[in-house]
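Several structures are given next for inspection.
Next come two complexes built around chain A: one with chain B, the other with chain C.
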Partner chain A sequence: MLQILVYGAVISAIYAMLSVGFTLIFGVARILNLAHGSFYALGAYAAYFLTSVAGLPLLPSAVLAVLFVAGFGVAMERFLVRPLRKSQLAVLMITLAVSLAVEQALLITFGSEYRNVPSFVADKVTVVGVDISGQRLLALVVSVLVLLGLWLFIQRTRLGAAILAISQDPEAARYMGIPTDRIFSTVMAISAGTAALAGVLVAPFLTVQPSMGLLPMVKAFAIVIVGGLGSIPGSIVASLMLGYSETIVAYLISSSWTELVSLVAIVVTLIIRPAGLFGRRAAF
Partner chain B sequence: MMRFIKPFIMPAVALAAWGTALPASAQDKGPIRIGVPTAIQLQIGRDTQTGVRMAIDEINAKGGVLGRKLEMVVADETENPEQGIAAIKKLTADEKVDVMIGGYTSGVTLAQLPHIARSKTIYMEVGAASPAITQRVKSDYDNYKYIFRSFPINAAHQARGLVDFISGMLKDEMKIQNIAIVGENAKWVQDLVPILKKGATEAGANVKLSEFFDTSTSDFSPLLAKVKDSGAQYLIVILSHASSDIFVKQWYDARFPIPIGGIDVKGQDQDFFSRVGGKAISETVGNFAVRAPLTAKTLPFWDAFVKAAGTAPVYTGVGGYDAVHIYAEAVERAKSLEPDAVIKELEKTDYTGVAGKMVFDETHDVKAGPGFVNLLFAQWQADGKREVVWPKQIATGKMIPPPWMQVQ
Partner chain C sequence: MVPLLEVHDLEVRYGKALAIEQVSLTVEAGEIVGVLGPNGAGKTTLLKAISRAVPARGGLTFKGEDVSALPVHEVVGRGICHCPEGRRLFPELTVRKNLELGAYLRRDRAEIAADMERVHTLFPVLRERGSQQASTLSGGEQQMVAIGRALMGRPALLLLDEPSVGIAHKLKMMIFGAIEQIRRDGTAVLVVEQDAVSTLGIVDRVYVLEHGRVVREGTAGALKDDDYIRQIYLGV
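Our next item is the complex of A and B:
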């Protein structure tokens, strides 16, 4: 039981970090960003490249990787998404195109083989009687801190207030003199950066491979549908639900059933409550 | 009348003559084309090509086959059945190859079989292990006689190799009774595990747990926890398409108190140890060929391969190399490229390859066991060195426990 508690927490935290960025950019800029998984993959690959090929130490590599992906996200928003923002369908298409392009670029540059990123923490830790690798615990702690920081940022700073204002009423916010375009760039940087950080943190105990962004993308999508598109508390609650249900299924039934959980969750949510747990309106 | 028709007849006759003459002349002078359908992005696929190319170069240096040179045409079949079928169509319909040598994923090969049969082109499998592939030869010989598997030994033979390791190494040498088996949910593993379980039980081991997991699984902690709770003393893994890298890393990071070994296809890669940051230490991996004097050809081939590719071969490199030689010798004996004649000669194959003596059984599957090709167990040891630990006759080193289980 304790194992489920500890391992479920790790998975939920990573899911939360992935889905919060995804829901944030939708809530604020109405961008349904299908390239979100690419940020995750790019983060992991950047960390691999900087540590293994360029030979940098791990910590600076991780920071550089996150900054690089945040920059990539901002550039994507500025040059590809912004000109098309009038049409949600066009935005959907262009982000899908970016995600495919990133995957192919990674495949051509690095090949389809698995790559390794060294662990930040190599030791094994025992928490409430459960053995867990230090790297997983680190992923949990960092995710919680980042989410807490993000919450404080949105609640307590001027920029945060502006982000909230736009998500509530973009039109009114613009009349108040809030520079929407600049806010979108900031939110995109946060969204891409958190996804990249998730990629960097899990790369040591998962692996680095060109199509690694797909499954997390599907998971983030599922979580956001369950939690309600655009709702940050909704994503966090849904992450916990999904993370724990997957862990419980893996322990009590079989690991071969875990991937079904998120798909069932989507279907059930869409049937019972299409707006999601905390959604203000139906997403579609 | 004739005056009008004649100008039309002459070219028509010439055209007809040219039409019949062309294939004959092409057959006399053109090279024999060897199609290689494989997953070219993986080391499996790169090594297939290197192995095939080495054999082609050797044969061409001696003047070719029936006076004709050999040449290689590659098609990417990936790990996806649709791409696999497209690769077969490209090689047979567009490239018109004389033989195909390749394969990796059993599911892909099974999907390709009807297309291979329809093209009436000889196909030599060197990558996939499902026994179902060659079962077709038995059940429908006329249509599927074109299919041969020269490498690796099939999943049932592998299971028997593993049982031999369990009874000889684990039970007799290490006094281990309780084992757990985990394998990816794939065709060849579903074929292998029941045989393995039965064999291990008959050999006197207790199979405490046997479980499948999805090939896309990225978190093995629940699975490992179950294995730990089962009371097993040794964990047998059966992996190929799933991420061995993730599995081994999580096993090491948790300092999992049970040693692992078994069939781990990606764990056969030369760069596996460095790829997982050394975390494969003490994993014992069943290989189809290792650098040991298995036959007179093993060491020369191995060193030439390392020279050509810059890295040691995985099994498809060995398989590709031997398959070209086996095919070339069959064509020499048949004195023709006619599939039916070549098949008759291939069935009589008795060839000493890199990994052992190669003989086909009645389903066109390569035979396994003493005297033939065997499963060889090599353990990853300090600094990424590999020591053969089983079978005992060719062992090069002693089995070591995981570093965290070392008795001080």
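Our next item is the complex of A and C:
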């Protein structure tokens, strides 16, 4: 029981970090970013490259990896997505193309074998009587702190107010003097950066290989559909629901059944409540 | 003396459809200028073209400077604040946050606080409603927030798009009164309206827009006596 509680929390936190960035860039810039999983994979590979190939210490590697992917996301939005923004379909296609290109680039550069990233924390820790690797606990703590920080940033700062304003009425936001394009870049950096951080944090205990971004992408998608596309509280609640459901299924049935949970969640949500738990309107 | 705003031969197209053409007008500092016209005459398009929210051809000069190629946020920075049609509040934010967003480009905290006080004096009900979500307000109160929010940018020129539409008579009178107060505080106003009677009561000059063109212009006094205006817009 307690094991489910602790392990479920770790998975939920990682899912939350992934899906909040995904839902944020949609809510603000209406970009349904199918390359979001690539940011996660790029984060993990950047961490692998910087630690194992370049031989840098862990912390600077992690920071550089996140910054690199944030920059990659900003460049993608600026040069590939922005010219196509008028068409939702074109945006969907170009981000899908980026995700395929990233996967192939990783395959060509690093090969298809699994790569290892050293743990930030090697020791095992006991929490409420449950043994857990220090790395998983670190992933949980960092995710929660980042999400809290993001929430404070959005609620308390001027830039955060601009983000909220654009997500509620982009045209009115422009009349306030908010430079919407610049805000899109900022949000893209946050979105790509948090996805990369998730990739960096899980790299030591998950397999790092070129297609590792696909499954998290599906999960993030399921979560924002359940939570309501564009809603941050919705994606956090849905992350907890999905993270715990998967953990429970893994314990009670088998871990090979967990991938089904997100797909069932999508189908059930779309039938019962197409707008999602916190959504203002149906996303599709 | 250069006018505050000078619009010269403005033309806006939506695809192939011509929304406005050959529209020229001026607003002097301290003036209230009205734009009257039926639905679809191009009034909203005219205001959007002035704040650069839609692409337009023609001359656009503000305080003697060419602003015809600036992005929207820089136009706001120069001192043109747009209170759009349909109010367009940020529905899930509080009234206070909506007002604060109007001052987005400003850093002068003390002056922002003074302007907040001025908006609260102009519309006292907004002080009580400060922590309420904007979407919970009545239509008239929402219009006050929208005007107040635009004033928070401390504009030299305020663009008002149909401030009285869908509002009870008493609140409408209050809003027209507020527009006169805004002018007394030193802000020029360009107001687009369908309610010709109320508008002619507060403006200095009027342009009448039909099918995207200016068909009449003149002082409020002169247009009140114009036969065409009396028949079509005043119904007398």
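Rule of thumb we're sticking to: the second predicted complex is superposed on the first by the 284 of 284 C-alpha atoms of A that agree within 3 Å, B and C clash if a C-alpha of one lies under 4 Å from a C-alpha of the other, contacts with A are read in each partner's own complex, and residues count from 1 in each chain.
We take it that a contact is a pair of C-beta atoms (placed from the backbone, for glycine too) under 8 Å apart; a residue touches a chain by one contact, two chains touch by 3 or more.
This one's a predicted model, so the numbers in the text were calculated from it and none came from an experiment.
More residues of chain A lie in contact with B than with the other chain of the pair chain B and chain C. Look at A:86: by the touch rule set out above, it reaches neither chain B nor chain C.
Once the two complexes are overlaid on the shared chain, A:168 sits against chain C while remaining clear of chain B.
Applying the stated contact rule after C-alpha superposition, one finds that A:207 touches chain B and leaves chain C untouched. Contacts of A:255 after superposition: chain B is touched, whereas chain C is not reached. According to the touch criterion, chain A has no shared surface contacted by chain B in one complex and chain C in the other.
Those residues of chain A lying in contact with chain C across their complex are 158, 161-162, 164-165, 168-169, 171-180.
Remark: chain A residues 3, 7, 11, 107, 111-116, 118-119, 122, 124, 131-136, 204-207, 209, 215, 247, 250-251, 254-256, 258-259 touch chain B in the complex. Chain B makes touch with chain A in their complex at residues 41-43, 185, 211-214, 216-223, 225-226, 243, 245-246, 249-250, 253-255, 266, 274-277. Looking at the complex, you find that chain C touches chain A at residues 51, 53, 71-73, 76-77, 81-84, 88-93, 97, 100-102, 104-105, 149-150, 153.
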